[in-house]
Amino acid sequence: MKRHLVPTLAAAAALALLTACGGSGSSDQPADGAQTIKVALWNYATTPEFKAIIDGFQQANPTIKVEPVDILADDYAEKVTTMLAGGDTTDVLTMKNVIDYSRFGTRGQLLPLTDEAKKLDPAKYSGLSAYDLEGKYFALPYRQDFWVLYYNKALLKQAGVEESKLQNLTWDGYATLAKSLTKGDGGTKVYGAYQHTWRSVVEATAAAQTGGDLLSGDYGFFKDQYSMTLDLQKNGTLMPWATASSQKVTYNTMFSTGKAVLMPMGTWYASTLLADTKSGKTKVEWGMAPLPQRASDGKVTTFGSPTAFAVNKNSKHSDAAKKFVEWASSEAGAMAVAKAGVTPALTSQQILDTYFALPGVPNGEVAKQAFKPDKVVLEMPVSDKSSDVDQILTEEHELIMTGEKSLDDGLAEMSKRVKSEVR
Amino acid sequence: MTLTVSPPAPVQTPANPPSRPRKAVPVRRALAYLLLSVLSVAVLVPFAWMVSASLKLDADVFSVPIQWIPAEFHWENFTNIWERIPLLTYLRNSVFLSLTITALQVLTGSFAAYGFAKVRFPGRDALFLAYIATIAVPWQAYMVPQYIIMQKAGLVNTHLSLILLQAFGAFGVFLMRQYYLTIPDELCEAGRLDGLSEYGIWARIVLPLSKPALASLALLTFVNTWNDYMGPFIYLTDNKLWTIQLGLRSFVGLYDAEYAMIMTGSVLSVLPILVIFLLGQKYFVRGIATSGLK
Amino acid sequence: MATTLSAAGTGRRRSSTWIGWSFILPNFLGFAALTLVPVIAALALSFLDWDSYSTPRWVGLDNFERMIHNDTFWTALKNTAYYAIGHVPLTLCAALGFAVLLNQKLRGARFFRTALFFPYITSLVAVAVVWNMLLSPDLGPVNQFLRAIGIDSPPGWTTSTTWAMPAVIVASVWRDLGYYMILYLAGLQTIPAELYEAAEVDGANGWQRFWSITVPSLRPTTFFVLIMLTISSFKVFDLIQVMTEGGPGRSTLVLSQVIYREGIVQGRFGYSSAVSMVLFAIVLTITLIQFQLQRRSER
């Protein structure tokens, strides 16, 4: 008996080696001299626009084959950083957000696309300016998300509120409405609104609509938005932030199961709702309205962030890769993205029509107005300070929302920390 | 086997002194059971939540207050997951990696541990300290240098990279060395007098005596490899090479996650560990009691 | 403990050196190339400015200077020490206690041993959600119980800057208990039953036997567990990341999170390595002290 362990282990190793066969090596270049480019992206199976772009591009460029390099969305940037540190040659890199982009760009890891960017009309690409790094561009946006107000049609109707009332909503109006929509108690409670735990819900809204600068280190402009949110939390209209955060409540749960009537959220959520409705996962009747405003002048200002493709400096097929990036941000690329239920970076009437023609997309004036904001402000300004400031604002946001710090103390601490800790 | 000397150390039998049946104190025993039962409930509650979540729709997973018994049971989660992701491939990769790494770690670790515990030579303790010192550096710090070495060696995106990375860790060496220290030197001396080489002593005396430690090392290494996420995430790009933990994370999206699927997968991924644990238990609990020395 | 190959002569010593190395070499080759070298490289980075791509630049002690003046670093250092001071002794005692208890011929010991190992293999998300639910300030059973026994304003646990760390410590002890219990169970198998029998003849009760036999005999295991526990609690990352993400505010922020954020996320690898260096120095000091104590007690 005594010597069984070693042979057992050795046998296990051998057995395991045998089962390992297969699963290495990828497809080689096709024989007809066509090129293959690799595109680093995330969650290929569940992110429909990637497939739409790749298919559309391959159709337009039959000599170029595109191979997705599927990376998990969760730690996408960290993996790309590591890969590039090792000299990886994946041709196209998806830029998940502009802060990551500025890091890769300033380190010199991306190929300049300034000429290509100059060909695009800045009036039609609201996200384009975010990629300006001291006059140079290293990526072109293909997708632009911005924030709107989602609402549960059935619950709104039940309460006898007209949908048109949401068309020109101010935050005061939102607060009053949300309070009146709150019903029930305990497990069956329906909250008038749900604001997710992210700091942007409060802070980026305030910055966009008051013209405040998130990097300035002076955060008095947050005050109104925070007071409103804290009041709503206090009178039970919003789920307490602490509960939502510690219980890892997802906004999808709150909205699609009818636990909240109103919800400010990004346009990406529409594609989730479209897909879930199609697959029967949810039966919620939903609508979209413009994000409520601070000022009541009828103009709609919201915030959002673009997503872009960039070319790796180590790419061995940089011409083909550039072609891909350009195609994705072109009119044809934008159509493909819109057809996948996602908001493209390029805005035009034709694109909007395509989007609203999709089955399941809420129609009508309110929704269409939601999709034509007057101004989309970048969620977080791009600078080498952005992520440090972001970290501090997030930490202090938690303290304000859990009530560990009073609003005034929290805002003062934010300013103090940003000024002293960020260089 | 040439070893016929009766060991100077007492024959090892299971150490369960306070439990001689004749001496059992009923009250104390009852208390022990009560404590253990309460604790078992406490340790199993999150697992129960996991199972319950695996039978729900995504939208119902994080309900407040917690819904312990799903309103409807979505058993189809357990069939759907096989279609959503290539779970079989992932499981096979996980099994392969965990078994290979565990086998290598146990073999090389226990071999090296003999050098550290039973052979005295200059520089031994300094070398041993270097082993422990590397455990003290968090992986977050050396992840990138390690990756660059692997990239230069052309091993990125292969299973071999992970095997090389994790099979020679310091953990196994340290654990086995500590265990070998408890084995009386007189046993080794007796082997030497019998004409055994040091390798023979390791293979025939020390190794058989250290079954409990080998079993616990194997178990812990297996579990750690099985549950490792960051290593496979950084080193494996090709979907065909992915492990189960990567597969589970693929349900986490940019803005939201399919938690029901994640929990379904988590329940499935615990099962192999459970089997290993139940099989291994007899080694680290009864251990050398039954075989011992001739 | 006396060692077997006593150095009788130089020839003998040389051969024992060869033999020793031959045992260590198979593991050492892999270890040196893939762990030791990167670790040394990482530590060397603390004197450089490196963004993972450009050529590293020598900056001397700049990274350390920045660290000393950084509030977040000190907060994380304090939190890490707090966590370790709570986590190490509690886990050690609990693991030893349950190992001794479950090494007996209790009915159902097999079930309990398995159950206690479960937290270690349960999905971290499930762990975080259930613990946060149990400790929920308003609805959680823990606070309901505290109110029932007359505590009017029970702590806010993971939503309070004061109580978040204790809550995390309790959850982590709960999670790691089974892991270290396994190591103790293996250690317990080496204690000869004769020792206990002799003690029983001498009239020692269970408690005395535990202190005079079990504890001393387990010394090498305890040494191992203690060092591994110390190291792992100074490096704690996953559980905190999932349970509180370092919050609320910075109340549960630990050094590993700082290292991760500054390094791979922000791309300031030099600074991140400087923080690792501090972590390394602390853990190494503690390990060396434990090493010396162990040696002294061996004599």
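Quick notes on this structure:
When the chains are written out, they are named A, B and C in that same order, and each has its own residue count from 1.
Heads up, the rule we're going with is that contacts are C-beta pairs under 8 Å (C-beta built on N, C-alpha and C of every residue); 3 or more make two chains touch, one makes a residue touch a chain.
Please read these numbers as outputs of a predicted model, since none were measured by experiment.
Taken as a contact graph, the chains are fully connected, with every chain touching every other chain. Of all chain pairs, the one joined by the greatest number of contacting C-beta pairs is B-C. Averaged C-alpha coordinates give centres for subunit A and subunit C that are 37 Å from one another. Rounded to a whole number, the gap between the C-alpha centres of subunit A and subunit B is 38 angstrom. Measuring from the averaged C-alpha position of subunit B to that of subunit C gives a distance of 16 Å. Contact of a single residue of subunit A with at least two other chains is seen at positions 81-82, 85, 243, 247-248.
Shown for subunit B are the residues that touch two or more other chains, namely 62, 64-65, 143-144, 150, 215, 259. Taken residue by residue, subunit C touches two or more other chains at 52, 125, 129, 133, 139, 264, whereas all remaining positions touch fewer. By the touch criterion given at the top, residues 57-65, 84-85, 89, 92-93, 95-96, 99-100, 102-104, 106-107, 143-144, 147-148, 150-152, 156, 158-159, 203, 207-208, 211, 214-215, 218, 233-234, 237-241, 246, 249-257, 259, 283, 290-291 of subunit B touch subunit A in their complex.
For subunit C in complex with subunit B, the residues that touch the partner chain are 1-7, 13, 16-17, 19-31, 33-39, 41-43, 45, 52, 101-106, 108-123, 125-127, 129-131, 133-134, 139, 174, 178-179, 182-183, 185-197, 199-200, 206, 209-210, 213-214, 217, 220-221, 223-224, 227-228, 231, 234-235, 237, 255-256, 259-260, 263-264, 269, 272-273, 276, 279-280, 283-284, 287-288, 291.
Taken together, the subunit A residues at the contact with subunit B in this complex read 1-3, 5-6, 9-10, 12-13, 15-17, 19-20, 22-24, 26, 42-43, 45-47, 69-75, 79, 81-83, 85-88, 96, 186-187, 239, 243-244, 247-253, 256-257, 266, 268-269, 272, 281-282.
Put simply, subunit B touches subunit C in their complex at residues 9-19, 21, 29, 32-33, 36, 39-40, 42-47, 49-50, 53, 62, 64-66, 108-109, 111-112, 114-116, 118-122, 124, 127, 129-138, 140-146, 149-150, 164-165, 167-175, 178-179, 181-183, 185, 188-189, 192, 198, 202, 212-213, 215-216, 219-220, 223, 227, 259, 262-263, 266, 270, 273-274, 277-278, 281, 284-289. Considering their complex, residues 51-54, 70-72, 125, 128-129, 132-133, 135-139, 156, 158-161, 246-250, 261, 264-267 of subunit C touch subunit A.
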